[in-house]
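First chain A sits with chain B, and in the next complex the same chain sits with chain C.
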Partner chain A sequence: MLEIRGLMVFYENALAINNINLNCQGEKVTGVFGANSAGKSTLMYTISGIILDVKKKEEMKGGERITVLGSIAFDGMDITHMKPSERARRGIILCPERRRIFPESSTLENLKIGAYLATSIQAKKTLDYVFTIFPPLKNLKNREGGFLSGGEQQMLAIGRALMAQPKLLLLDEPLLGLSPLMEVMLARSIRDINAQTGISILITEQYARPILPIVHYGYILENGGAVLQGTSQELMENPDVKSAYFGL
Partner chain B sequence: MDILIYGMVNSFSLALMAIGFTLVYGISRLPNFAHGALYVVTGFLVWSFLNILKIHYIFAILLGLLIMGLIGAFIYRFILIRVRGMATSEIIATYALGLAVLEFLRWKGFKGMTYTLPVFIEGSVSIGGTPVDLQRLIVIGIGIIVVAFMWLFTHFNKTGLALRGMAQDEHAAMMLGIDSDWMAVIAMAMGSILAGLSAIVLLPLGNIVVETGYNVLILSIAVCIVGGLGSWVGAILAAFMIGFIQIITVAYIQSHFHMVVALLAIIITLILRPSGLFGRQKELEERV
Partner chain C sequence: MDKNRVTPERRKERLDRGIKVRTEGIYAIASWEEISYLVLPRLLLIVGLLLLPLLMPSLYWKRVISIVSIYALLALGFDFLAHFVGLVSLGGAFFVGTGGYIAAILNKAFGLSPTFTIPMATLAGAAICTLLLLPALPLRGVYFAIVTLMYPLVLARIIEALNILGGTDGILGVAGFPSRWIEQYLILLIIILALFGLRRLVNEDIGLVFRGVKDNDQAVRASGLSITFYKAIAVFIASGLGSLGGAYLSHIYMWSGISQFALDFSIIPIAATVIGGGGTLVGPLLGCFILVPVSELLRAFGTLRIVFYSLILMLFIMFRSEGIMVYAQRKYHQFERWVKV
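Let's look at the complex of A and B:
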């Protein structure tokens, strides 16, 4: 479904992503794991196209030089130079790191803004679905996004992304800063979303323990390059992964 | 009673003038300093439709508003898109455009007493002993309609909601498939239409003169700064504050001090509360 070939991203002369080849298969959960500064968020911004907008703004300001090399194909179509809104229209929806909820809009409005690309029938159906998988949101409908707790915001961010009718949902560090209980709950919800709707999911996380069991295939990133890949089972049994991510 | 009625009229006039400016700034962070020029241009456009092309007043107004919308969209598409993101350049570009348009009109001789728009309905009524002409009541009416329309539009319409999303977090909105340039085009078109609408409602109360353009710009900026840049509620509240203080100044001090009120309001706001009455975005961010 998503095919990344020889992707390289530079900030000035610093290499953020080094020659990554990555595949996301349809209706599967793919995981990308790595420590801080491994290039996870840059990868996500590159797939969703936000990096092109950042690049354009930096160029106008005469700021940082950003270079993107390689190719990204989605459903057999080359999208390397496509605008972010156009990619979203084709079904690539990013749920960003630190959630980026609209702080002054209520929970319901956040979801409605998310439904910009959806028809009203789709929006209604998805809204019901979001409230089924994340019941706490139902009681917070009218609360402003900025006043939600971290876990609630994360549920809202995923819900908002679902409202945009994704084919490929990109989740960037969804567990960042959450309680262990919330982590387990969210990991389960993510697995359920994939199983119930068939939406393909690409998920990045530095805390692999709750996520690794729910992915079908995973990549380990280090200093911008993919150093290891395999199925969930293979990764969990790998001694290096065990010591680095499970402390065994 | 005089103060109450004329204060209301003045406040709604200010709100009408400023709402277009706030809209554009709030959504795309574009300070549209050509706002005053758009206001005056609408006046002359509608005047020429009426007096040169001799079309009906209502059609002249609708045609004028349509053209203003297109002009707004063109300004973004061909000028502002090139300097997007550089605040100083945006101000210089829009201000230069406004200046060029206004001075061009002055050069071509569009000045003097000959240019007036007819009032919508002749006549006046007396409210509690104070005579008020109907045009001023129409200002209040249209003001209420515009505010109500904007509220409904930004809360229940898909495009309106998308505009609000864009205003709060550009990249997050983009990730949901909302196109930033398209939203800015819509915002500029709407802002220009609102500038035009306020001109059409307010200009029948006086003559169309080039200087109005500068006054409208200063008043709009004053209202927006006092209210908190980009905040709707703040802008409307600030319009009422400045509107009433102006009328009180005219009534009790001297009439030519009423422009000072707006400028003083800018200075006092910037000293006491730089983010304006409702510039609460920063506070919220810190708390989260």
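Let's look at the complex of A and C:
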């Protein structure tokens, strides 16, 4: 579904992503794991196209230059130079790191903003679905987004991304700053979303422990390069992964 | 433009010049080449500024130089406040007006010569402006800008309505400078001193605190520093520069009036900062030396002047918003080359 070939991203002379080849298969959950500075967020920005906006902004103020090389194909179509809005229209929806919900809009409004590209029938259906998988949101409909707790905000962010009718959902560090209990709950919800709706999911995380079991295929990033890949089972049995991510 | 030239295998690499790296340490005095690398740009600016009065063809253009310099002082103050302390100030008119009136009053009422009125107006004006802006210091961004914009309007209307300080006629008969040469060279020396002084200041310890206030004022407060105190110091410096310009203006025109509270003094420094490149300090100064004369040249177009002027500004903001000096400094310090990926 998503095919990344020889992707390289430079921030001025610093190499953030080094020659990554990555595949997301349809209706599967793909995981990308790595420590800080491994290039996870840059990868997400590059796939969603936000990096093109950042690049333009830096050019205007004479800041650092961003170079993107390689190719990204989505459903057989080359999207390397496509605008982020156009990519969203084609179904690549990013649920950004640190959630970035609209703090002054209510929960319901946040979800409705997400449904801007959807038809009203789709929006209604998805709204019901979001409230089924994230029941706590239902009682918080009218609360302002900024007043939600971290876990509720993350549910809202994923819900908002779902409202945009994704074909490929990009989840950038969905477990950031959450309690272990919440991590497990969210991981389960993510697996359910994939199983129930068939939306392909690409997920990046530092904490592999709760996420690794739910992915179908995973990649390990280190300093911008993909050093390991394999199915969930293969990765969990790999001794390096065990020591690095499970402390065994 | 270079987007089209990036092929899959090549990208343009941007590196610091070797000489730039060498001149950062003690090796700066290693050879004439290194020394001139450091000194030449600064010397070019200083000599260029000092030559200006000699090169100007007419009396009219010589007067323009003095006016440009006053705008340059304001632009320096604006750039300092906006890019090093994080306060967007529209108070240029406020500073100029305050300084101008104080100098005129000191000269008329007490008979002091410009030698005394200018420094006194600088300090008193800075003190008054800082005091009046003190309640607004906790504000940031557009709120601080609005407050600084309101003061000159309020003061001008108060003077007009109460008919004090000469009312709409202003204060006439202020002493002028003994000669044109003193008038021009004094202000040029002042802006050179202000430029290099500010550049030194923002790299001192206190400059680090200023930048901290800009980037994250809560972290500065958490480090046990009063941000209001540091903002007040910064406003004192910037309003001092503005008041100095205002006092100078009063003595140049031998008159002080409510047109010194005109919004030109707030707006042109901002435009100059955009063109020259914000955060470089020297950029806004050069921006003034480009913008103000261009606006004078465009007088030939009559009322269409403002149209052309705005057009130039808009094009600049849309296509080269980094500013001249940011671009020039990059070209001077770094080189580019194609590398194979």
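Note that in this section the second predicted complex is superposed on the first by the 248 of 248 C-alpha atoms of A that agree within 3 Å, B and C clash if a C-alpha of one lies under 4 Å from a C-alpha of the other, contacts with A are read in each partner's own complex, and residues count from 1 in each chain.
As a convention for this text, a contact is a pair of C-beta atoms (placed from the backbone, for glycine too) under 8 Å apart; a residue touches a chain by one contact, two chains touch by 3 or more.
Not measured: the values here are computed from a predicted model.
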item	value
Winner by number of chain A residues touched, once chain B and chain C are compared	B
Which superposed partner A:Met8 touches (first chain B, second chain C, both, neither)	second
Chain B versus chain C as contact partner of A:Met60, first or second or both or neither	both
Touching partner for A:Glu104 - first (chain B), second (chain C), both, neither	first
Touched partner set for A:Arg209, first chain B, second chain C, both or neither	neither
Touching partner for A:Gly70 - first (chain B), second (chain C), both, neither	second
Chain B versus chain C as contact partner of A:Lys28, first or second or both or neither	neither
Doubly contacted chain A residues - partners chain C and chain B	60-61
Footprint of chain B on chain A - complex, ascending	48, 50, 53, 57, 60-61, 83-85, 88-89, 93-96, 100-105, 109, 112-117, 146, 160-161, 163-164
Contact set on chain B toward chain A in their complex	83-86, 155, 158, 161-162, 164-165, 168-169, 171-180, 182, 281, 284-285, 287-288
Residues of chain C touching chain A in the complex	6, 8, 11-15, 277, 321-323, 326-327, 330, 341
Interfacial residue positions of chain A with respect to chain C in the complex	6, 8, 10, 12-13, 60-62, 65, 67, 69-70
